[in-house]
Structure formats: C-alpha cells, structure tokens
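Consider the two complexes below, in which chain A is the common component and chain B and chain C are the respective partners.
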Partner chain A sequence: MAPVGPRSGDAIFSSIDRVNAELFTLTYGAIVRQLLTDLEDVDEVNKQLDQMGYNIGIRLIDEFLAKSGVSRCVDFKETAEMIAKVGFKMFLGVTASVSSWDADGTCCSIILEDNPLVDFVELPDTCQGLYYCNILSGVIRGALEMVSMKTEVT
Partner chain B sequence: MQFFGGSEISPSPPVPTATGNNAHMMYVFNRNGVCLLYKEWNRPLHTLNPQQDHKLMFGLLFSLKSLTAKMDPINADKGNLGVPQLPGQGCSFHSFRTNTYKLSFMETPSGIKIILVTHPKTGDLRESLKYIYGLYVEYVVKNPIYSPGSPIKSELFNTALDQYDCRYIRFWSSVAIAPRQGFIYRRRYTLRAIESQHCVFHYLRGESSQRDVSNCPYPRMIFPHEI
Partner chain C sequence: MIVCVSVVGHQNNPLYIQSFTDADDALKLHHVVHCSLDVIEERVNNPKKSGTTLNEAFLGLLYPTLNYKVYGYLTNTKVKFILVTTDLDVRDTDVRNFFRKFHAAYVDAVSNPFHVPGKKITSRTFAQTVSNIVGSYGLN
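Coming up: the complex of A and B.
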C-alpha cells in the first residue's frame, strides 16, 4: 500500500478548527502586557515567552505530525522549508519564507510577511529590547527538540 | 518417537466472525522507553509482570528496527550496526506476524511508538495506527493537565479507543490458545514474517523429529512461501 503523501498547509488549515484572529491577537497582547507588569524586566519577559513557547512546541509537534503526515526531513534545509510552508500555514494561516542561508547551511532566517500576533501592536519606548514574538521562537525550538534536532532560535 | 506435523503444532486461531473487538493489546511508548499506555482487551496468557513486559516490548522493537534498517536492500545509506537510528530515519518495520498474533507498529518522528497486537489474519493496520495517533493528539497532547512523558490516564482517550476498536475491528470471542497433546511450550509461537517498508522477511523454521526438548531445531531456510 503506497503511503499517502503529506497534505499541503492550505488543505489542513481549512479542515481544522479555527479561532477568531482578533481574539488570538488580543489574548496574546494581554499575556505579554501582564508578563511585563509582573516581571518588569524585559529580558525576563523574553525568557518567559520563550519557555511558554517551548512548552507549546513539545506538544505542537505531535499535532503537526498527525495532521500533516510528513515523514522525517532529510536535512536542515528541508526542515526549514517544512516549518515555513506547512507549519506556519497550518497553525497561523500565513506563509513564511526562508532566506539568508549561511555557507554551511546551518543557519537561516524565516520571514513572516504578515504576522497575526503583531496586528494593532505598538511598542512603547520603555520596552526596547522586548522580543514580542519570542513565543514563536520557543515553539520552533521545542518542536524541533522533539524530533531530535537541537536548535537555537532567536 | 512422536513426530509433530508442520501445521498441527501450533494451530492458527479461528477466524473471527462476530462483531466487536479484534485487538488483543495496545502499547504506546514515548522516545525514552516510558510506556505511556498499555491497554488489554483480550489476553488469556500473562507470562511476565507489567514492567518486564514493557521492557521486553521496547527492546524487541529497538532490535527489529535496527535489523530491518540494516538489511534494507534499497536504501544505500545505512549507519553502522548498533548505532541507534533516529525515529523515522531509514527503513522501519511496520508489522510482524506469527501463527497466533500479528503485531503492528508505527513510530512517529517525535518518537511516539504505537503497537497493536491483533489476530494474525488482520490486514495492514497502518491507517488504523495513524488514526490512533490522531486520537492521541486530540485527547492526550491537547490536554493541559497531561504532562508529556508520564503515563496516560485520560478516560476520554480510553473510551475513544474502545469505540474505535468495536466499530472497525471485528471481535474474536473464543481465544483458546490451548496446547495440544504432547505440545512443547517453546514452539507455541512460530514467527512467520516481518514486514518493513521496503521488503518482507519470511521465516520458516524446520521441525525436528525428536521429542527431546533440549535440542533446538535449526532454522531451515528463509524463502518467500506466501505473501
């Protein structure tokens, strides 16, 4: 029996339950706001967001694998493409692009053209150095760790 | 001197006819070998205590995966023997069949292993295993109270599994694996085939004509006798 090929991000995104985008954005904004009030230090908040993302990532990977049915990626380039094209499309509904590969092929940038997390957001001057979307870094780091790939995401 | 004929030694269990549950047991392991779930619907014989049983199962899977990956005739890149393969890498076996049960296996790249032991005449269960993985994601992974790496205690998950089995796999009511007269324990389970992604290993073991249990019959040869 030939294995079913991996489904594209669009197909999966349209078949799973979705929440209102504004609700998601505002909830995330509220979380960051509360963290800033509780912790006051911008670096602490960044670390906390990364940790939250990590906890999400270690569970998210199973859902990603179950819904998309992809098999193990051969190399890091394919992994990055998979995250950008299938992963982000499946969970956030936006497609990212991969660029700025270094010579070894071990480092790259994933660019999100329109990021749903930052809609309506303006950072004040007191929050310089805050990585607002650090939760996404944590998610990617956690998910890749569960498939035996140790990465650093900033 | 008694001679044990080929097909009489360990008779195949009767083909299931009634509706209901065909699966005997199910195991779910994570990447560290922790048994997250062990579910039993129909298991008349218990030979080991649960911890030993889980360890044995995990060790068996590890060895079989290494074996099938190294003996893969298609894949050119094989690591050295003994080097553990990353989950999902290389050719992985997906089931093996003996004359009394069939064990189906699925491993995800994240290291979750799902094992289902069923009647030997069951077909390919890969789609079923994928569905069970989907159930795992829905009821276990998405549960905020569940901490990853600990045994699963979710009632919803158990209920969903029972319902899935009852609906899609038929019931095997009288499981008598009763030994026949003069039966030797060691020959109860005869391995028939190990199926992996790229090939199927068939196994036929010759029967000795001696009653002496201390002499182990040699495996005769390996050839495809049935698909």
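Coming up: the complex of A and C.
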C-alpha cells in the first residue's frame, strides 16, 4: 500500500472530529484551578502540568504521525517548523510561528498568536509565576522524546 | 451621561460598581443602586398580566429620581445590571445596546477560570471593556 503523502495541517484539521472551543477552554481552566487548589504551590502546579503534557505527548505523537504522514525531518529546524505549522494546526486549529533561532540552531521559540487555551483567562495576582500553558510544553517534550529527540521545553 | 454601572448578584450582593464622575458622589450613587434593587424585586414578583413573558431581560426605566434615571437588566441567572444616567432624553435602543455589550463583557469576565462566582469581579479587562462601552455610549 503506497504511503499517503504528507497532508497540510488545514486538511487534517478539517477532516477529523472537533470539539467546542469554549468547552475545551473551560475544561482546561477547571483543571488548572483544581490543581492550584490541591497543590497550592505555583511551581508544583507548573511541574504537574508539564508532567500531564508529557503523558499526553508520548501518546499524541503516534496519532500525529499516522494522520499527517510526514517523512523524517532532516534537522531540528525542520522539526520545529513541523510542530508549529502542522502539529499545532492539527490539534489546536491555530498556526504558530518559529522565531529567535540561536547561533547553533539548537534553540528556538514557537510563538502562538492566539491560543485557545487562554481565552477569557486573567491570572490573579496570587499566581503570577504560573505557566498557564505549561501543558503544551509537556506535550512537545513528550512527543519529541518518542522520536528519539531529547529536548527541554519551557 | 452615564454616571454609574453596577452588577449585582442573585443574592443582591454587589459584584461590581463603577462610577464615572467625581468621587464625592460615589456613595450617593451606591445608595441609588441599592434602592433600585427593591424596584427590580417588585417588577420581578408582580409581572403585569398584559406583559409578554419573552425578553424580560431588559427591565427598562426603573424609576426617575433626583436628577438620575435608573435602568435595569436582568439575566437568566438573576444577575442584575444597573445603569444610572443623568441624560434627560435617553433612547431605548441606546440603552438596550449598552446592556447587550455589557452582558457580553460580563460573560467574558465570568468565564475566567480564576473568577469565583459570587465574589467581586476583579478582572482588569472587564473594567477596561466597561470603560470603553461607556465611552462609546450614545456616540452613534
């Protein structure tokens, strides 16, 4: 069976089942609130979110590879582009951009213009150190680890 | 000119009060808002027989007093919005528009996972949006 050629993020996003964005945002907000109530320490919550993201990422990578059919990435730059353009588009429906490459090409920033996780959210003054979207860092870390790439995501 | 807007919860607890004039009037405006709650209770408990049951959100002019006019709006969750204005002639559509935008801003503020329902609204974005809505009131 000939392998399916790599499909763009848009095509995949429109062909899979979707969920209401507000439901998703409110659910994520409820998770973060509950973690804050249970753990009460902002750093602990950040770690937990990262761990949860990691668990999601190690499973998500298979789905990503199966649905998108992309071939092996040649270098880290391509990997980052793939995550930003195809991955985020496929799962969150938003396109991210990659910037701030350092001299070696080993470190970059992925910027999300509008992030559905943070609609309506305003951090109160008591939790200013909270990385609200830390789950996304965990997802990326977990996914890349499954394809033999050890990364650090913050 | 709008002098004061207020959000009151379903147990008549104030959730948000913002006045747009000099500070020494603020207490008087708070009292006016408080008194208007009684009028709302009265309207809600004694619906006019000839009135329709649809769109009972906008309560209209609650009572004209002193030199203010007080308008009310009731959401389905019994949260009340009060608007105090000093305009002499106020168009109905303007006020309805105002409450519609105010309701949208309120919904956004309440969707914040860090907001506790029943506590005061501390969202800075909400305060900013409300200032914008008040600023653009009646300019069309």
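FYI, the second predicted complex is superposed on the first by the 150 of 154 C-alpha atoms of A that agree within 3 Å, B and C clash if a C-alpha of one lies under 4 Å from a C-alpha of the other, contacts with A are read in each partner's own complex, and residues count from 1 in each chain.
Keep this in mind: a residue touches a chain if its C-beta (ideal position, glycine included) is under 8 Å from a C-beta of that chain, and two chains touch if they have at least 3 such contacts.
Note that the structure is a prediction, hence the values are computed from the model and not measured.
**Student:** Is A:I58 touching anything from chain B or chain C once the two structures are fitted on A? First, second, both or neither.
**Tutor:** first
**Student:** Could you say whether A:S71 touches chain B, chain C, both of them, or neither, answering first, second, both or neither?
**Tutor:** After superposition on chain A, A:S71 lies in contact with chain B alone.
**Student:** Applying the document's definition of touch, where does A:P124 land relative to chain B and chain C: first, second, both, or neither?
**Tutor:** Second partner only, chain C.
**Student:** Of the two partner chains, chain B (first) and chain C (second), which one does A:A11 touch, if any: first, second, both, or neither?
**Tutor:** So A:A11 meets neither chain B nor chain C here.
**Student:** Kindly classify A:S148 by the partners it touches after superposition: chain B alone (first), chain C alone (second), both, or neither?
**Tutor:** The first partner, chain B, only.
**Student:** Looking at the overlay, does A:R33 come into contact with chain B only (first), chain C only (second), both, or neither?
**Tutor:** A:R33 contacts chain C only, not chain B.
**Student:** For chain C, which residues are in contact with chain A within the complex?
**Tutor:** Checking each residue of chain C against chain A gives 108-109, 111-114, 122-125.
**Student:** Going by the contact rule at the top, pick out the chain B residues touching chain A in the complex.
**Tutor:** For chain B paired with chain A, touching residues are 31, 86-89, 108-112, 124, 126, 130, 133-134, 136-137, 141-142, 148.
**Student:** Under the definition above, what is the set of chain A residues touching chain C in their complex?
**Tutor:** Going through chain A, the ones touching chain C are 22, 25-26, 28-30, 32-33, 119-124, 127.
**Student:** How about chain A: which of its residues touch chain B in the complex?
**Tutor:** Touch list, chain A to chain B: 1, 3, 58-59, 61-63, 65-67, 69, 71-72, 146-148.
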